[in-house]
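Next up: some structures, all given as structure tokens.
Look for chain A in each of the two complexes below; its partner is chain B in the first and chain C in the second.
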Partner chain A sequence: MKILIPLKQVPDSTVRVSVAADGKSIKTEGVTWSISPYDEYAIEMALERKDADASTVVAVVTVGPARSRDALRQALAMGCDEASLVVAEETAAPLAVARALAKVVEEAKPDLVLCGKQASDDDQGFIGPALAEVLGWAHVATITKIVPADGAAELWREVEGGHEVWKAKLPALATVHKSEKEPRYPSLPGIMKAKKKEIPERAFASLNVDSSAPALEIVAMEPPPARGAGKILKDGDAKQTAQQLATLLRDEAKVL
Partner chain B sequence: MAMTAIETGFDLTLTEEQELARKTAHDFAAEKVLPRAAEIDEQAKIPRELIAEMGALGFMGAYVPEQYGGAGLDVLSYTLIVEEINRACASTGVALCSHVSLAVDPILHHGSDEQKARYLPALASGERIGCFALSEPASGSDAAAMRTGATRQGDSWILNGTKNFITNGSIADVAIVFAQTDPTERHKGIAAFIVETKTPGFSVGKLEKKLGIRGSDTAQLVFQDCRVPAANLLGEVGEGLRIALSTLDGGRISIAAQAVGIARACLEDSLAYAKQREAFGKRIADFQAIQWMLADMATEIDAARLLTWRAAAAKDAGEDHILAAAEAKLFASDVAVRAARDCVQIFGGYGYLKDFPAERHYRDAKITEIYEGTSEIMKLVIAEEILKE
Partner chain C sequence: MKILVVAERRDGGLRRVSLELAAKAKALGEATILEIAGDRYSPLPFVSALAKKVEAEKPDLVMLGATLNGRDLGARLAARLGRAYAADVTALAVSGNTLEVGRPMYAGKVRAKVRVQMPAVITVRPGAIPLAESAASPDVVKLEADTSAEKLEFVKFAPVASSGKRVSLAEARVIVSGGRGLKGPENWHLVEDLADALGGAVGASRAVTDAGWRPNEEQVGQTGKTVTPDLYVALGISGAIQHLAGMTSSKVIVAVNKDPDADIFKVADYGVVADVFEFVPAFTEAVRKARSS
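Entry: the complex of A and B
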């Protein structure tokens, strides 16, 4: 089975992002970049398939600025077999990104495309379903497990109180909610193996994708309002404190 | 004087692999080691699976060539890993340092092809653990005064004596042991041996109770007619002291990196605390007295790291690194001790409590001025290097 994972490089979850001077984007100076966490789950899920069946080929691709190469190198170091980069220094419209990825998918001919269910920078969750739509492939959202089943795949999803099992004929696309295990760290031998691999790159423009897409524009970005200091109730016994708490929750916080 | 191993200009940018190695170690340390650091200190024990995980990630053989089952990175990458692990837990950090720098390294540099093929793969994968046994109850800084003896008997050497203060001593499978083959020859009689700890006649004596790095085991090793095959002689008879000293030159780079890691823990914990603790209606980070301590810590840590990287780069380039390693260890250990003192001070009364990490850093930092050559011995080494023609 060949699995392709389109991934996105995003600011690391430990980075405190701040709004840039234009008021519409985030400051990128000094930011540590990482693979988006749900994409890491997708990689781990694919690598668990590869652990179970060594003939599995796991490829990753990203559409993004040149610095995204680091994210691809990390994916290779985790154990992925192939990586390729579509360089787009300017942010392309999401639908155009999906179309560019569709071209890559058509060339690479994977049996399964796994996308993180959303990228942790803008949390739109757009690319997975849009890519399935452009390809005309079956799409199952937010899966937690894959079980191969003769020309098809069982795709497991967690639902309230249990799980659902869907069966999709391959090729298919799924978005990943979580892998069974936490994503593996790139091991040092993995890093050295990855070093020896080429990461072919091409320009976004060279894919000639139709870039007509409904226009989206970020109008403004604001940090959430600073949280005020908390209040500690310390006068009185337990009963009085509970009464004060109930009053405050009703009159001040207005949650009761 | 060769001051840098970097021949083409002055470039401190890490390579892609070095950066990835650092990131793996950083993430592993933050997620798997740091949450257990207080427990490791309290229980005076490193969970074996933590060492196994470091093995699986390739840390235990970071710069062992791939041909011997290692990851094939460079010493600089290893230094980055050591800093990250020690940032989280100095006990786990020294278990790694002693294994790689003091047990794996001498086999890699002084072992025969047969010894390398036989011992390196299992050590590099962390399946087996190594230790370095030089110090004795009556000889530390003056290592050449060792009393442990080795006498040749047919195809074997018979070892008798006691080694003291041996890091990883009770958990090791393989020990690099130094012994005197002829007391009248003093250092010319010293030999190094690769001793499997399951060998009859080898036993672990008492485990030391310590001020800091309490999770790391420090054991007494006892040799009673311990029969070691002649094939396990490392190098030649008479080369033992040279092997010990050159191994320690490399080891000091890892202890410098350990000190940088501990100092960084002090700085990072101090920054977080100073930003949220309030006194007199302000964050304590807004007091200049606190800011000066933080500024000194940050500056000294950067300087210590640069010295450490320079020494690592010299070792990678195959250059003489005696001076660079001694300077890095002398300076970085001093920085760690000072940073730990200021960290406790910034935490105030909470710095004195076990509930906060500051007191652990304070206890852990001190050892970096003692083992693998005390600060006084570092100055002796440095003076000897700069005074020689």
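Entry: the complex of A and C
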């Protein structure tokens, strides 16, 4: 089975994001970049398939600026087999990105495409379903498990109260919510091997996709409102403090 | 302006977010509230039916709840129709032909104001639009899902044991979350009893869901749910940046942690430096009393 994962490079989850001087983008100086968390789960999920069946091929691709190469290298170091980069402006319209990815999918002919449920920069959750739409494929959203089944796959989807299990004929696409295990760290041999792998690159324009698509224009960005210093209750007897807190919540905060 | 709201049901009744959207849509213009009838949500049958309806009626704006299914349906619908799409909107304003929405980005670490070209599709976060208690239930038009478009086969539903009759996390007005400080799943009755006393839902940190103490669906934070209840109570949670990303927009935050330097206290309106095992039972009791008097 061949699995293709479109991934995105985003600020690492530990980065304290701050707004740039233009008031409508984020400061990128000093930012550590990583693979978007849900894409890491997708990679882990695919690599678990490869652990179970060594004939599995796991490929990654990203559409983005040159720095995204580091994220692809990271994926190779985790154990992915192939990586490729489509160099594009970060301002490419989301639907155009989906069309570019569809071109890559059509060339690579994977059995399964796994996207993250959403990228933790724009938080849109658009590209997965949009890519399936452009390809004309079925998709299952927010999965946590894949069980291969002869020319098909059972995709476990987390919903309120449990899992829905859907059977999809391959090829199909799924967006990933979580893998069964935590995403693995690259091993030392993995890192060495990844260094030697070639990451072919091409320009977005060379894919000749229709880039006319509705745009979202960010007009302003601001940090969430700062929270004022709160009241700290300590050193009291548990019962008294509990009583005091309940009274505050009822009479001051008015939430009881 | 013409607006189409896609409503969702849970346990028979319309979801609260659907009521919120219906009220907002009526305030904005000519509103149709639509419900897609099918056994269960599946992208293709739902998108196919809805896309036909949208093409026939040409609403300027399609609004869905930013729920698990709403976000999936909204994204694929926008792609099919080539419409602009904004997910998880927390504020919206229309002036003339321009739609301006507020939405969190960077896992909730910034808020963006975004101009969206209409016609558009948006999903709106539950609780983002205040709903008057007196709001009447809207008339709902039924649309049959287009089952001929289905390419998937539904195999089964595998329930998780713990989900009782509690309110869903995304829509809850009160949430009590437990972290690693609770020491183990056997102590979750402390979290649940307090949640019950407050009439709220139960959440967890990722340390807890990763350890398998609680199901993933209860995780709050960057890779879990983003929640904005009136009251968020964090029990034995350290306040890692990824957890804060999911809950700092809550109206009132209460934190209980035995470490006075825990980061969670930086965002708490009320912080209690105490051992959860001593404090929580006493607090649950106090809440019961406060609510009944």
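A few points about this structure:
Rule of thumb we're sticking to: the second predicted complex is superposed on the first by the 233 of 256 C-alpha atoms of A that agree within 3 Å, B and C clash if a C-alpha of one lies under 4 Å from a C-alpha of the other, contacts with A are read in each partner's own complex, and residues count from 1 in each chain.
Rule of thumb we're sticking to: contacts are C-beta pairs under 8 Å (C-beta built on N, C-alpha and C of every residue); 3 or more make two chains touch, one makes a residue touch a chain.
Quick caveat: nothing in here was measured; it's all calculated off a predicted structure.
Superposition of the two complexes onto chain A shows chain B and chain C fitting side by side, with no clash. One geometric descriptor of the composite model is the angle centred on chain A: between the Cα centres of chain B and chain C it reads 120 degrees, in steps of 10. Contact with chain C, but none with chain B, is seen for A:R227 once the two complexes are overlaid on the shared chain. When chain A is checked against chain B and against chain C, the one touching more of its residues turns out to be C. Of the two partner chains placed by the overlay, neither chain B nor chain C lies in contact with A:K196. When the two structures are aligned on the shared chain, A:K109 is found in touch with neither chain B nor chain C. In the superposition on chain A, contact is made by A:A141 with chain C only, not with chain B. Within the superposed three-chain model, A:K167 lies in touch with chain C and out of touch with chain B [touch as defined at top]. Here chain B and chain C sit at a least CA-CA distance of 8 Å once the structures share a frame through chain A.
Once both structures are placed on chain A, no chain A residue is touched by chain B and, in the other complex, by chain C. Touching chain B in their complex are the following residues of chain A: 70, 73-74, 77, 185-192, 194-195. Residues of chain C touching chain A in their complex: 10, 40, 42-44, 47, 68-69, 71-72, 75-76, 78-80, 82-88, 100, 103-117, 120, 151-160, 163, 168, 174, 198, 210, 216-217, 222-223, 230-231, 241-242, 248-249, 251-254, 260, 265-274, 278-279, 282-283, 285-287, 289-291. The part of chain A that touches chain C in the complex is made up of residues 10-11, 13-14, 16-17, 19, 24, 26, 37-38, 41, 94-95, 98, 118, 120-126, 128-130, 132-134, 137-142, 144, 154, 156, 158-169, 175, 177-178, 182, 213-224, 227-228, 230-235, 238-239, 241-243, 245-250, 253, 255-256. Remark: chain B residues 16-17, 19-21, 23-24, 27-28, 56-59, 62, 66, 71-73, 77 touch chain A in the complex.
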